[in-house]
Amino acid sequence: MQRRTDLALESREMYRAENNHEVPGVKVKTEMAGNTQITRVKIINDEGEKEIGKPVGSYITLELPLDIRDKGAAYELAIDLLCTQLKGLMKDRSGTVLIVGLGNRSITPDSLGPRVVGYSLVTRHLFDLLPDNNYKGYGSVCAITPGVLGITGIETGEIIRGVVDRVKPDLVIAIDALASRRMDRVNRTIQLSDTGITPGSGVGNHRNGITEETLGVPVIAIGVPTVVDAATMANDTIDMILDELMDGADQGGDFYKMLQELDRDEKYSMIQEVLTPKGMGDLIVTPKDIDEVVDTVAQIISGGINLALHPSMTLEDLGRY
Amino acid sequence: MQRRTDLALESREMYRAENNHEVPGVKVKTEMAGNTQITRVKIINDEGEKEIGKPVGSYITLELPLDIRDKGAAYELAIDLLCTQLKGLMKDRSGTVLIVGLGNRSITPDSLGPRVVGYSLVTRHLFDLLPDNNYKGYGSVCAITPGVLGITGIETGEIIRGVVDRVKPDLVIAIDALASRRMDRVNRTIQLSDTGITPGSGVGNHRNGITEETLGVPVIAIGVPTVVDAATMANDTIDMILDELMDGADQGGDFYKMLQELDRDEKYSMIQEVLTPKGMGDLIVTPKDIDEVVDTVAQIISGGINLALHPSMTLEDLGRY
Amino acid sequence: MQRRTDLALESREMYRAENNHEVPGVKVKTEMAGNTQITRVKIINDEGEKEIGKPVGSYITLELPLDIRDKGAAYELAIDLLCTQLKGLMKDRSGTVLIVGLGNRSITPDSLGPRVVGYSLVTRHLFDLLPDNNYKGYGSVCAITPGVLGITGIETGEIIRGVVDRVKPDLVIAIDALASRRMDRVNRTIQLSDTGITPGSGVGNHRNGITEETLGVPVIAIGVPTVVDAATMANDTIDMILDELMDGADQGGDFYKMLQELDRDEKYSMIQEVLTPKGMGDLIVTPKDIDEVVDTVAQIISGGINLALHPSMTLEDLGRY
Amino acid sequence: MQRRTDLALESREMYRAENNHEVPGVKVKTEMAGNTQITRVKIINDEGEKEIGKPVGSYITLELPLDIRDKGAAYELAIDLLCTQLKGLMKDRSGTVLIVGLGNRSITPDSLGPRVVGYSLVTRHLFDLLPDNNYKGYGSVCAITPGVLGITGIETGEIIRGVVDRVKPDLVIAIDALASRRMDRVNRTIQLSDTGITPGSGVGNHRNGITEETLGVPVIAIGVPTVVDAATMANDTIDMILDELMDGADQGGDFYKMLQELDRDEKYSMIQEVLTPKGMGDLIVTPKDIDEVVDTVAQIISGGINLALHPSMTLEDLGRY
């Protein structure tokens, strides 16, 4: 019955909305950099893990301004901020990095990961080919796009583990498209974390996880919500309407009582039923020009990664790869 | 404040839901062909025109079964039905036909028209090149994809009129992506009409219309809803919830009264505001695999058009072009 | 039997190679701008027209350096040079400009025109919508991609004339992919001319031309060779080999005589036969990564056009559209 | 100095053209099936391996007729023939099959492998999910597209080995785009072999091979030439011209002698130099509409594989996946 969000930021917001106090076992810091809000959610113990539904670790969220789409100063600042936050999460900046572009390149809102790989500068084969060369300022980077279960018939985690066993990278950076609860976060919010990716319904389901535990090397996850689940969107809108009705109602009256008694979970499953006619598959809410928007975000992420892994590169170099 | 639908069928449903009787000035007939429901909405006078919000004429809707996506028997039946209905709307089957693929090929839910053009067999240039040849069983067909205002800077209607003035076709068939109110109609409902396309908020705004009046030749419109507007979807879901609440409420009670008093139009604009944060553009609800689905529908429509315009073609020939 | 080139520059080279003097009726000037060679071929009378196979007018060719592909300084200089040359060819810089992207977007080497349109800033509809606004520094620009005969069944020229009759632009800029004789010119040579486009085998065949004569407004053509015809390539290579053999042969000997007697035109048709097995369509020689290269060139051309038509735009603005 | 072909068939043709007898250590059988020529080149010992430049094993080539492109009877026959030949090469038809789509999806002539994967029916995850289900007539199939070294920074063989170690398939089927010497073989010749893929200049360079030796499971390779290397094409054309000249020359004369003395290898390197200006990358000869053609071939190959691995599937089912 958990409504869908992959952002630690939003799990915390939901907790606070219901409980009116900070999540126990969680520390939060926010700051502004230009028009970008940076929120650090640190889950420090089991209690926080349970309430947020994510493993102990750091979750950094950049909420970028809309004008990143103009590819001007805001766009360049976004690349710079991502680079800085990513470097902060990397314990050790030497060694080989494997970038993993998760998702399905044929389905636009799920194509973020493969697009980031397409824009990334890979160098590992050059290091192998000409080991005596001087690559000062360039790191050893490789990348894969493992595909999705429905296309490969293989758990994504299995493919990644197979490649990690061969390539033996020192760090994995995994890129994925996420779900958010709020349309105004879609395609402009970037979450970085040092906990890797734990697919399915969160903590505990480590079978297919892409984590240090399963891969044997640290995993940094970078994700961006590209869609809102349609049922979640309808549900949230209805909750807002109901809240508004309750605000206006007499608190002792029958109406107020009935609204209070309304089982919100039952309402949610009713919505899901209404919205997903048999055989139609998942419905999503998305901006009409999603193709262009996702591409811009992929360029920001690959830009930040390129600058973090190859200190000799500059913003001007990014357009060339 | 008009909520968005381009289907005469749905305008009629909305009228009946509010008024509990048939729309005056409108005649409706339905029949089944296999699992496909065929609905003919005939608007016969000004009164019908006003209530439905569409000009006098015939609107035929095919509601196809979900398994058209398997490309088996249901898919082939859909092509056949479309061919038959299209031939029924064509007064004269000789002469040159101009197919107009409306919409933006770069935005998946808007790319139906350009895709249909891509799958259509054009022959007019062969008739011009070798006029003495015997093209028995093949009609003279040409096609354009005029693009959209934001890309061309020219009203679509202006481009079409310019081409019609030169090419002087005897019939225009215009293909467009539509909006529906119901997710279960998306990508499986085809509307044909003999009234052309009257963009904007319906009747009266003929400035940019693609109609016999503006082009000087008959225009048949073929459209398929590929999205549901997100605000419409949220609104409809809320209305269903409210109706359910009213069903359960004591009809004389305060609660019932408050629900009755709730201004549904005000609610709709509130939803729109909530859902469309500044600068995010239009939000749509769509299946995740829309690219594939729209392509299947484009093949059904082009298949039906090809068979109707080139009587010598068979279902087997369709895959070759 | 004419071997294929669309560059006035190369027609002139071929004439000089055979005749060892400048083409009569033609004036040529060359200059360097950075690493770019700029050649101006001016055809001044009927004699030049006949020898070059192109109508009287100015043909400016930019031979850009290879590193435009790095999107650094050379890329930006190329945009700047194109902008300057284009402004030089425009008699009048006020009024509405119609950009015409010729070619087939689905066939990479033929997709240059449609790609340029995709990157161009169109504004005409804004001028129409808000005529009282102050658009200082922005011109009125619109754009179409008329498609190709095999897809539309309509001569490209007919479509353009239809649109020109409606839109009444003051200038047409037509973009097209060309053929060259030399691989080292492919995808880095831009030809501008004030004579429009005369398709087919050059001068005289004005039926489908896109020229001031057929459209009633001045036409500037911008073209880039994106392929070399395979037969031309094989033929040129063989000629080079033969020339080398003749250099080494005794000028009075039998061998030299036989080489001299070898009918080069007969050789060419033999090559064509060998290279184009029945039903295989046109063969082209192209770099393997043509998709990326053509896109870079399309960005250079659209960049130059945008800067020329909208004086308020800067290089930094270009990435945003 | 070896000119480029990946077809055993062509290596044998070249040997016979120079030596006028069958290659020692090689057995060849040809037969016709409709308009398709089937050639079986069997390399039986080291001598054959050395002369053909490929490892001991079976090489089956289908030379399909041009009208496979019409997607009619010839297309269906091609699928059927491929299915039959593939089954002939599979020693054991139970167990899990891993399909490997080699090549770069962004470069059309190199995209055959990834396209075949896209059209293949994968089932392994269903067998894992519902192991008790009855999948009679369906095999367990999975698939990967490992990408290319320049994009991943990892040898393709390393990625495949990593995945094979995890998935433990019983057979690998690897699909790749090849080079041919003859344009009339491009995009209509399919080579199957039971030797896997030995990249680079053939036998001996097993470091990055995709073979039973390196993977530990049998590997069937399926390849189609999608391009002719431009230097090879020019060279072959020139050789034909020279042969023609020699035919016409007096055998005792100077001219004949000079032609005989002409060092053909030197000529080839001269051509390469002429054709590949610095920095231009590989030049290829290709039909203009390669995108469509490669897609048809990918559908034939995936069709044959699907029918071979899933005996319950029929030709009609193929369009559905």
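Labels A, B, C and D are assigned to the chains in the order they are written; within every chain, residues are numbered from 1.
Criterion: contacts are C-beta pairs under 8 Å (C-beta built on N, C-alpha and C of every residue); 3 or more make two chains touch, one makes a residue touch a chain.
Keep in mind that this is a model prediction, so the values were computed, not measured.
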{"item": "Minimum number of chain-to-chain touching steps separating subunit B from subunit C", "value": "1"}
{"item": "Same or different contact residues where subunit D meets its copy subunit A, judged by the half mark", "value": "same"}
{"item": "Contact-pair overlap exceeding half with B-C, pair selected from A-B, A-D or C-D", "value": "A-D"}
{"item": "Subunit B and subunit D: spacing of chain centres that average the CA atoms, whole Å", "value": "46"}
{"item": "Whole-Å gap separating subunit A and subunit D, where each centre is the average of the chain's CA atoms", "value": "41"}
{"item": "Separation of subunit A from subunit B, taking each centre as the mean of its C-alpha atoms, in whole Å", "value": "37"}
{"item": "For subunit D, residues contacting two or more additional chains", "value": "106"}
{"item": "Parts of subunit D lying in touch with subunit C, wherever the complex brings them together", "value": "66, 106-110, 183-184, 186, 227, 230, 233-234, 237-238, 240-241, 244-245, 249, 253-255, 258, 262, 267, 270-271, 274-289, 291-292"}
{"item": "Residues of subunit A defined as touching subunit D within the complex", "value": "106, 117-118, 122-126, 140-147, 149-155, 158-159, 161-167"}
